[in-house]
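Presented sequentially are two complexes of subunit A, the first with subunit B as partner and the second with subunit C.
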Partner chain A sequence: MMHDLPILDELRLRFGKDSAQIEETRDDIPTISTNKASVLPLLRFLKEDTDQPYRMLFDMTAIDERNRTTRPMDASNEFTAVYTLFSFDRNQDLRVKVPLASDDLLLPSITSIWPSANWYEREIWDMFGIRFNGHPYLRRLLMPKSWEGHPLRKDHPARATEMTPYELEEEDEQTEQDLLKFSPEEWGMQRTHDQVEYMFLNLGPAHTGTHGILRLVVQLAGEQIVDIVPDIGFHHRAAEKMGERQTWHTYIPYTDRIDYLGGVMNELPYLLAVERLAGIRVPARAQVIRVMLAELFRIASHLVWYGTFAQDVGQLSPVFYMFTDRERVFHIIEAITGGRMHPGWFRIGGVAHDLPQGWEHLVREFLEYLPPRLNEYDDLVLGNRIFQARTKGVGRYTTQEAMDWGVTGPGLRATGFSWDFRKTQPYSGYEQFDFEVPTATNGDCYDRGLVRVEEMRQSLRIIEQCLNQMPEGPTKADHALTTPPDKARTLHDIETLIQHFLAVSWGPRIPAGEVMAKVEATKGCNAYYLISDGAPWPYRVRIRTPSFPHIQMVPSISKGHLLSDLLAILGSVDFVLADVDR
Partner chain B sequence: MNELVLIVLLLGSLFTISALLIWVERRLLGHWQERYGPNRVGPGGILQSAADAIKLLAKEDWTPPFADKPVFVLAPAVVVSAVLLSFAVVPFTPSLIVADLNIGLLFVFALSSLSAYSIVLAGWASNSKYALIGGLRGSAQMFSYEVFMGLSVMGVVMLAGSFRLRDIVEAQQDLWFCIPQMIGAGIFFIAALAETHRLPFDIPEAEAELVAGYHTEYSGMKFGMFFLGEYLGIVLMSSLTVILFLGGWQGPWLPPLVWFWLKTFMVIMVFFLIRATLPRPRFDQLITFGWTVLLPASLLNLLVTAIIILTNGHDAL
Partner chain C sequence: MHRDRVSPNNQESAETHQADENTDRNRLRLLEADGYQEAVRRVIVLARLQDLLAWGRKNSLWPFNFGLSCCYIEMATSLTSRYDIARFGSEVVRGSPRQADVIVIAGTVFRKMAPIIKRLYEQMMEPRWVISMGSCANSGGMYDVYSVVQGVDKFLPVDVYVPGCPPAPHTLMEGLLLLQEAVGSERRPLSWVLGPEHIKRPILPARRDLARESRQQARTFPGMDTVAWYSSKDQGPR
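And then the complex of A and B:
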């Protein structure tokens, strides 16, 4: 079916059959394989020249193919670079793959087409050692400068026990510290200009206003921001590498901690991808339970954002009110899942348990409690004149810029562009729910706030529908590959016992293939690109997080503003550092 | 001798009051913010400030190696001594006053300008970028707001015909100046917030962006001095508000001293409530607001007051 897509014909016609070979994947995303020479013109064509262009570089990553056993017959390349593009006009992704040989890991940089490619290319260099010709400053992004090797390569150890014990001698400590020193010249920045001497202010990695371990080196003329160099990676925990050594089932709790405010929201795209690979259909009740919990977490995450945003512009009290409200969300989540921030509660094929008795009462109570509080916050925060003076017209960007930088979620909708993956590419039964997609017009800090506040109200609507229309039925699919395996089918004879034992100790073997699944997460679009080799664990886990492109955009929207505005911008962007660094 | 006793008593009570204020504010903030606040040390947590003071005193008295040591040590002392000296001219009752200067009000303003130096010096001597930005912001803010503060009380001086604070209070026998000098009182209060650099005017500290602003590098009791200075400043500014606009010690039935402190505490509560409510404007917005709104308003207030006094004589109001 995907062979008939007009864009593929167009590409074959324009770039020749060899430059746009179609590849089969398990998801519906059209995938083409091209070569190094054509990649730059091909991508430029897709973004700029074709009708209904692919405006957004949705994700960019690489695969170390050297240990992969289940590949198409003729493929022999050691590495593959993968570009995932997204067209809003077509509502369609397009995956472009470029095979690379290990003795020639060089690609042309596409930073001239998408500014957001900058960090993606640096990450790929960092993780795989693939170089990009024409990149303005290709250096490590997530790993420390002194790191040896490229961690996502298959020959790089995945566990500390595979490496020599780590010791930090005094002189090494000094070297590490020296490596962290900022040198403006290294980034092509001037120390003085027109008799103005710039100040380079080191904001972070431990700073009250950065919401986590983020380091921003701010070039200041007086208090005016000339440029910013973000330094990320302090929160890097190798989540993608860990995916390659955890079983399909035991990786679920790791996902919770990617966007640590999103809880089960993170599990959803991972499981959607796994279930797609395994061919599991999740029963209706489990879908609705998943939606309800995901929306509860959206509210919890937005409440944290709301309070800290107000605090970033100097309002002391709101953060306490909102954390109190969030506590009520956690009360419900705790009653249902037993956990709070990171329940790890969704399972392959459904959820861990059915809902507890009396859950309706808890949820209904919350549905009555929050709306009046939200109205009060409107007066307290959004309606406050000083708050408006601090946030209106600050950190503005247009829809076009948002697409160029890979911005999704509330940050995109605040520019006036109504795009919500729950509506446009419904998953987990979102098409059955009645809710609106709030937008704003100016794309400034205030509008981003406005959109999120309205989103909380819409989430309440969705939860109310979940409450009133919760279907009856099983909470887990009747399928051999679900986890944990069905207890009722075990302990009958030695065969069922062995099956059960293997399914618990090793976990299911998910059929080979590639799948990407995305959801409208709390911060924007979160996607998991999974490659299975038919093993009990993934071959490659790629996590596309919304915070990564969002934080990359901060310097471009902060230029010319004052230092105080930077904090308002950071607050309004709503990122989580664990979501940036993974 | 008598005066010496008075001074010692005054110092003792002022330190106690500002230490208690810290606890009161934290408890009130807790109450307004749906949490407890400090409630563990002593009954209801009342000894919290004492515990904090002991902790600060017991800390290592550390000066960063990159700081300009003499100035670094001097800066926190400046703010506390300037504020404490100001209290010398404050009439708590008709008789309870250390020095009844005939330039009382000018004396207070002179000292409050001096305390602005502590911010500048602290910011400069710390030799740290955050402190420097905080110090620069602080100096710009305090120097601008001093102008409006001075202008806003000139109406009061005209009405009372004296700079002596006791005369000003006595001139409010029939009518508190907050009625005829409504605009002046408003501007004075805003300027007082800025002078004490409390939220929403805590721009020199602005913890979200500048970590702790001018006192980023301070620790131990040197930091404690800044902290104490801030709360002493609140007491001073509230006392001045009471003296200039709310009739000072005057009031029926209760003794003058009780009236004075009752009114002062009311004003202090407003300080706290504002801190719990408002966000922080941006530095440039604050300065623009000062020069484009407060300055014309205070000049206009002055002009109208002068015209009324000139046409109707002093007794008109």
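And then the complex of A and C:
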């Protein structure tokens, strides 16, 4: 089926038969392998010249293939670069792979095609040591300047306890502080222009307005922003490397902590990908429980955003209201899962446990409680004249710019483009729910807020449908690879006992293959690209997070605004640093 | 001095004063009867300066507005209405390390961030305290990985460790109360010319050891099958 895609014929016709070799994957994303020489024109063609173009560079990463056991016999490359493109017109992804030999880790930079490639290429250099020809500032992105080695290479240690124990002597501290000093010349920035002397203001990494440990160096002409250099990686928790050593099952809690306001929402794309690889069909009740909890977390996340955003632009009281409401959400989450922020509640093939007796009462009470509160907040926050003055017309971007920068989620919908992966590529049974996709028109800070507020109301609608139409039945698939394995299968004979023991201690061996699954998470599109070698743990875990491209875009939408607007812009983008740095 | 007497006593004496100010006779009677000592006790506070300072420090631990990751959200939640850390005098969040008494290491201590955390700590004025919040800051937690320091105590002295991933707001508040207990009973030199120069700090027992017996006694556990509470209306603040 995949071989018949017209785009592949088009590519072969234009770039020669060898330029686009088809690769088999376990998802329905067409995957082609091309060579170094044709990657740049090929990608440019896909974005600019074909009908129904692939406008968005959805993700870009690399794979260290050296330890992989399940590969085609003729594959000899040690590294592979992977570009994932997305076409809104076709509602389709396209994966382009470029094999690389370890003695020639060099690729042409595609920053001239997509501005968002800038950070992706720096990340790949940082993590894999693959260089990009023509990149304006190819230097480390996530690791500190003083770091040696490329962490996602298979020969780099994973554990801190495998490395020399960490020490911080006075001179180390001084060296690191010196390395953090900002030099405008390094970034091609001028210190003066037209008799204006620029000021370079350091914001963060410990700053209350940056919502976490993010550092921004702002070039200012008076109060006006000329340019910004973001410095990220302070929150790099090595989630991708962690995936290569945790079992498929024990990696689930790590996903919770990627977008740490999203809770179980993060588990969903990971499990959708694993279940796809394993061929597990999740029963209806488990799907609806997943949707309900995910939507509750969307509300919890948006409430944190709502309160802190209002605080960013000077309203000090709303955050107290919204955090109180968030406690109401956690009241339900706690009753069902026992946890608050990171329940780790979903399992391969379903959820951990059935809903407790009395859950309906809690959910119904919340559904009655929140709508009038949201109406009140409309007056309190959105209707406030000062709030509007601080946010309307600030940090505007168009749909086209959003696509160029890889923006998804409320930030994309605020530009007037109605795109929600729950509608366009439904997963976990979202096609059965009745809800609307809120949009706005101006793409400014205020509109991004407007979209999120309306999204909370839509989430309530979804939760109400979950409540009224919760199907009966099992909460875990009847499949050998689900975790934890079914107890009923054990204790028959020694064989079942051994199988159960292995499945509990090591976890399941997920069949070999590659797959990507994405969801409409709280901040935008979150996707997991998993490669299995048939081992009890993944060979490679790639996490495509929404906050990463969103933060990369901040400098371009802040230029010309005042410094105080920057905080409004940061608040309106709604990012989580763990979601940026992973 | 009994530390808890300071504030209630002042209030009481004000009331007494108002009731009895009509006549001097009343006042005299109070002095003569069971009262001379009682009257003095009500209006005069005798304390050693050291104790008074410790009492003051204990009840006004101002935290530095500093967070690293997930734990910070729960730390911020402890400031909001449901938990209201203001009850314990710690709502005065300071934006500058120079004005803060306590730094809560709320979250994962990253290798890239560690020199900055150290610098911020050094910028705090003495006396200063450190609460390590959550598994990552305590020991690296579930992140035994190249970019994470295996516990903030690798380079900072920690006063209280709060367990959890992340600890719920009320757990952090328990940690704060423990710190208050330590700070209140800690004795610091008043000046470099008066008395010994070292800080006398009580050794507090580990909570795990204190709770062990009652935990071993526990026989009934709430199951996962029913909601333990039914309505958030009659539940009140938990």
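Here, the second predicted complex is superposed on the first by the 582 of 582 C-alpha atoms of A that agree within 3 Å, B and C clash if a C-alpha of one lies under 4 Å from a C-alpha of the other, contacts with A are read in each partner's own complex, and residues count from 1 in each chain.
Rule of thumb we're sticking to: a contact is a pair of C-beta atoms (placed from the backbone, for glycine too) under 8 Å apart; a residue touches a chain by one contact, two chains touch by 3 or more.
Everything numeric here is computed off the predicted structure, so don't read it as measured data.
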(message) I'd like to know which partner A:331 touches here: subunit B for first, subunit C for second, both or neither.
(response) second
(message) Which partner chains sit in contact with A:208 here, subunit B, subunit C, both or neither? Use first/second/both/neither.
(response) both
(request) Have a look at where A:367 lands relative to subunit B and subunit C in the superposition and call it first, second, both or neither. (result) neither
(message) For A:238 in the superposed arrangement: first (subunit B), second (subunit C), both or neither?
(response) second
(message) Contacts for A:342 in the overlay, against subunit B (first) and subunit C (second): which applies, first, second, both or neither?
(response) second
(message) Quick check on the superposed pair: does A:311 touch subunit B, subunit C, both, or neither? Answer first, second, both or neither.
(response) first
(request) In the three-chain superposition, say which chain, subunit B or subunit C, touches more residues of subunit A. (result) C
(message) Going by the contact rule set out at the top, does A:320 touch subunit B (first), subunit C (second), both, or neither?
(response) both
(message) Once chain A of both complexes is superposed, is A:389 in touch with subunit B (first), subunit C (second), both, or neither?
(response) first
(request) Go through subunit A and flag every residue that touches subunit B in one model and subunit C in the other. (result) 208, 320, 324
(message) Applying the document's contact rule, which stretches of subunit A touch subunit C when the two form their complex?
(response) 142-144, 151, 156-161, 163, 165-168, 172-173, 176-177, 180, 205-206, 208, 212-213, 233-238, 241-242, 253-254, 257, 260-261, 304, 319-320, 323-324, 326-328, 331, 335, 338, 340-342, 353-354, 356-359, 361-362, 365, 577-578
(request) State the interface residues of subunit C toward subunit A in the complex, per the touch definition above. (result) 65-70, 72-74, 76-77, 80-82, 95, 108, 110-116, 118-120, 140, 142-150, 154-155, 165-166, 168, 224-233, 235
(request) Under the touch definition given earlier, write down the residues of subunit A that touch subunit B in their complex. (result) 199, 201-202, 207-209, 223, 310-317, 320-321, 324, 384, 386-387, 389-390, 562-567
(message) Which stretch or stretches of subunit B touch subunit A in the complex?
(response) 29, 32-35, 129-130, 133, 199-200, 202, 206-209, 211, 275-285
